[in-house]
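Okay, handing you the structure first.
First chain written, first letter: the chains are A, B, C and D, and each begins at residue 1.
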């Protein structure tokens, strides 16, 4: 253990692997601004080294909006300090990350109510209202 | 759970919301290394995906591949995929044993003839069937018998895919891969020692989602996972390009995370998804933890010339070759040179002076 | 044969054989040359031999106006090729690693992007030299099969190296094995062809410089 | 063995092979750069005149006899033995189109001294009987009469009398114990007796003790040009005997280039021992006298002068600085040609080409190189220091209809010598 401690832990220069990704985000943001085109980047496919993800998070920072979805585990949604660039962090029920994505959009898709659930929602709402009024 | 249920139905039965399902599809697409734009296509396909029967055969293997798949500390999305398949035979995992186990296999083979998925880990000994048998049946016979009715075969691990460790020189058991024996079925090789668990499930997910096998490379490996080399996706690649290398495992270069090429990293010749998928729920992978790639997903990686020898270094005895060359060259050179020198001096000694008369006589 | 087996073969036994023949041939050829010796010059010397000899070894590295004007293509492309080839050979890290493991000496390499550019220039120079050999009346007259063949062999070592580096041939073991195979071909023919000038040119320049130097002339 | 034969020629080559030749042959990559250094190529554009190509038969012979690989090639029939016909074909390349000027040896990137090899190659050509008639004739006259041009002692004596009568100078002959023994070339005796006069005047002023030798006055060596060391040895031996008989300390080589190279650089190796005297080129001696202040000129020439460097004296002989020192002494308007000193272009008549009538036409053709050089600097007088160059230059200039006087450096100095009575 003592030997291990003698080895200094060094923060690695991250720019090398981050650069193309940041450029991709910038490019997507321009398309969103110009034409309203949305874009998703799967960070699982990125050859991140140690420190790269942290450096990305530092760069993106935190913006005004954030959210949270509980479905098959938690999903944390946070807008970065650059409006339109969102971080979508999916976890399973045991708190293990299952996906990490960047969405360049005005509203992340997971936050929008799925149309398939509107009928059920309507029925449930009606039922709940009826129940309230009968009581 | 009924065999006729689709994955969509199963998930809804378990109270998974539409958002949850979409999240699952996002994760699945990501696992299959599909672009995020494919998520909706995956969702559509998974909604209707039938529940396949899976028979898992283990031959000359170390159970590392099964361990890789099942020893995930936290159940992840992989488990959902596995929950969905009907694993009808896996002699390490199943509760049944002996005759009952074999009966289950035969029953699955008959019930789902032509539709079940056969997963194989381990190599098959051809030297003597007695090297590896299950319930008295040789691996070769069991593979042939079970493969006959399979829709497709997934060879999991380098042993099943390429022969692996048992196949390494001198290959005492005459071990071969699945594809050396089975020629008439679609085979996917998911190599690695062991393979990355999400690559195994990724292939299963692909089979589930699209009902067929993904695009394969020349070794029968799914392109999406094996299409690029470790070297090309390695986060340490910029150091290679700059010429910055760790010389030992504890020097400054190693601490600074420089390229491990000189320490024998086989990243340039190895095709796998470690650099992006990583291991242990995306925690790290060999190169990130400071050790070169061994090349475990490549054929004959055991015999490819030493884990700690840089790829460009010849595997054999170069010093010996140089020594032999020097010695023999000097010996032959001195002999040949001495002969030539003698010829030259002989010519000098035998020389008769040339006279103008002789010249005039000729010209 | 699988690509890995191919690589193991070219990285192992074939490389050994090639290196053995290479070293054997070089030593043999040097003995063949040197044992012939040189008669002592009885004429009273005006100048020294050793220093002018070494000076000529160095001086002939420098192209002069006449070469640039008289044979511009050969001189310029020849220069690019020679410098480029040695940069690729000696400053590419995997090559340094090979030398280090064999001879125990090592030095820093160049960034791969630079090696890459140099390799392209070197290959273009070789192609240019080949075309020039075909086009020039003089060189076409002088050229033998060997002259063309050697250009091709040397080109192949660079080209296969380039393919391997850029993974244009998949899988990588095949690409690397092809590179090794072309290098082995070059090593084997080296001592018995004009490639030998790599060594004998130094002897030749020395003799030239020494013989002229003795007479008081800088050659 | 009575006559010349292929076998004898090959055997001569066998003797000639040495480590330099083997390195040179091993190194050539057919780059063609030597061709651009050879006036026979640049002026004709014919690739067969590429210097290294002139050695092709000898290269093959070397490869077959002196390398293991070549033996193998020969055994399996991939390398054909050298034939008589081939040597005959190459004879013109080796004799008519090479002046042994050494320019290619300066140019070769791998350092091949091609001239050194041509000199050796000629040993084989001559021993196999493939040699130009004109050169055989010159060699015969040199051996029998004492001079390649057939100049006899009586002719020299007549010239001496002539000069002595004209100038009142004394030209010493056979003076034992003189410091210097001067050699002459037959061309100087027959075409440029001014040289003898110049020597007499300069040596008188400088107080040099000198003599001619009646048994060894001829400096040129046809044996070396034809490529026979046996014949060359006899000719050198005459000079050595003459000099040792008179007991001189120095032998002065005349301006003639090949004569200088023969007596200075090849001679001791031909006779197999060092000389008991020292050989100096006349320009070396003059420069020494100049440096010591024993040689004074009254004025400089005003005309535009340029200097043609004789290959054998300058590039191959090593008399470099002396030529420019002396030119500086007499020229107020000296211009260098573009390629000069060790890079000068040959007059076209060295290496025996001048005595090979068969080569005349080619020699005149390639003189265009000299013409271009001269046209570029447009001198009023062309100075040189080699009787053979001088003849060849005059011949070439005439053929090209160029009006340009050619003169020898020694004579130029003598012309402006300070006349002071001691």
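Rule of thumb we're sticking to: contacts are C-beta pairs under 8 Å (C-beta built on N, C-alpha and C of every residue); 3 or more make two chains touch, one makes a residue touch a chain.
Remember, predicted model here, so these are calculated numbers, not experimental data.
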| item | value |
| --- | --- |
| Greatest separation from chain C - chain, by CA centre | A |
| Per-chain CA centroid nearest to the all-protein CA mean | C |
| Selected interface, C-D versus B-D, where C-beta contact pairs are more numerous | C-D |
| Centroid distance [mean C-alpha coordinates] between chain C and chain A, Å | 57 |
| Centre-of-Cα separation between chain D and chain B, whole angstrom | 76 |
| Cα-centroid distance, chain C relative to chain D, in whole angstrom | 38 |
| Chain centre separation (chain A, chain B; CA means) in Å | 33 |
| Sites on chain B at which at least two other chains make contact | 332, 336, 340, 344 |
| Where chain A touches two or more other chains at once, by residue number | none |
| Chain C, residues touching no fewer than two other chains | 28-29, 32, 34-37 |
| Interfacial residue positions of chain A with respect to chain B in the complex | 7-8, 10, 12, 16-17, 40-42, 44-50, 52, 69, 71-73, 75, 90, 92-99, 101, 109-110, 114, 116-117 |
| Partner chain B, residues of chain C touching it in the complex | 2-5, 7-8, 11-13, 15-17, 19-32, 34-37, 93-95, 97-98, 101-102, 108-113, 167, 170-173, 176 |
| Chain D partner contacts - residues on chain B that touch it in the complex | 332, 336, 340, 343-344, 347-348, 350-356, 358-363 |
| Of chain D, residues touching chain C in the complex | 17-24, 26-33, 35-37, 41-42, 45, 47-48, 50, 52-53, 66-69, 105-113, 116, 264-269, 272-275, 278-279, 315-320, 339, 342-343 |
| Contact footprint of chain C on chain B as seen in their complex | 217-219, 229, 232, 240-243, 245, 261-262, 268-269, 271, 298-301, 303-305, 309-322, 324-326, 328-330, 332-334, 336-338, 340-341, 344 |
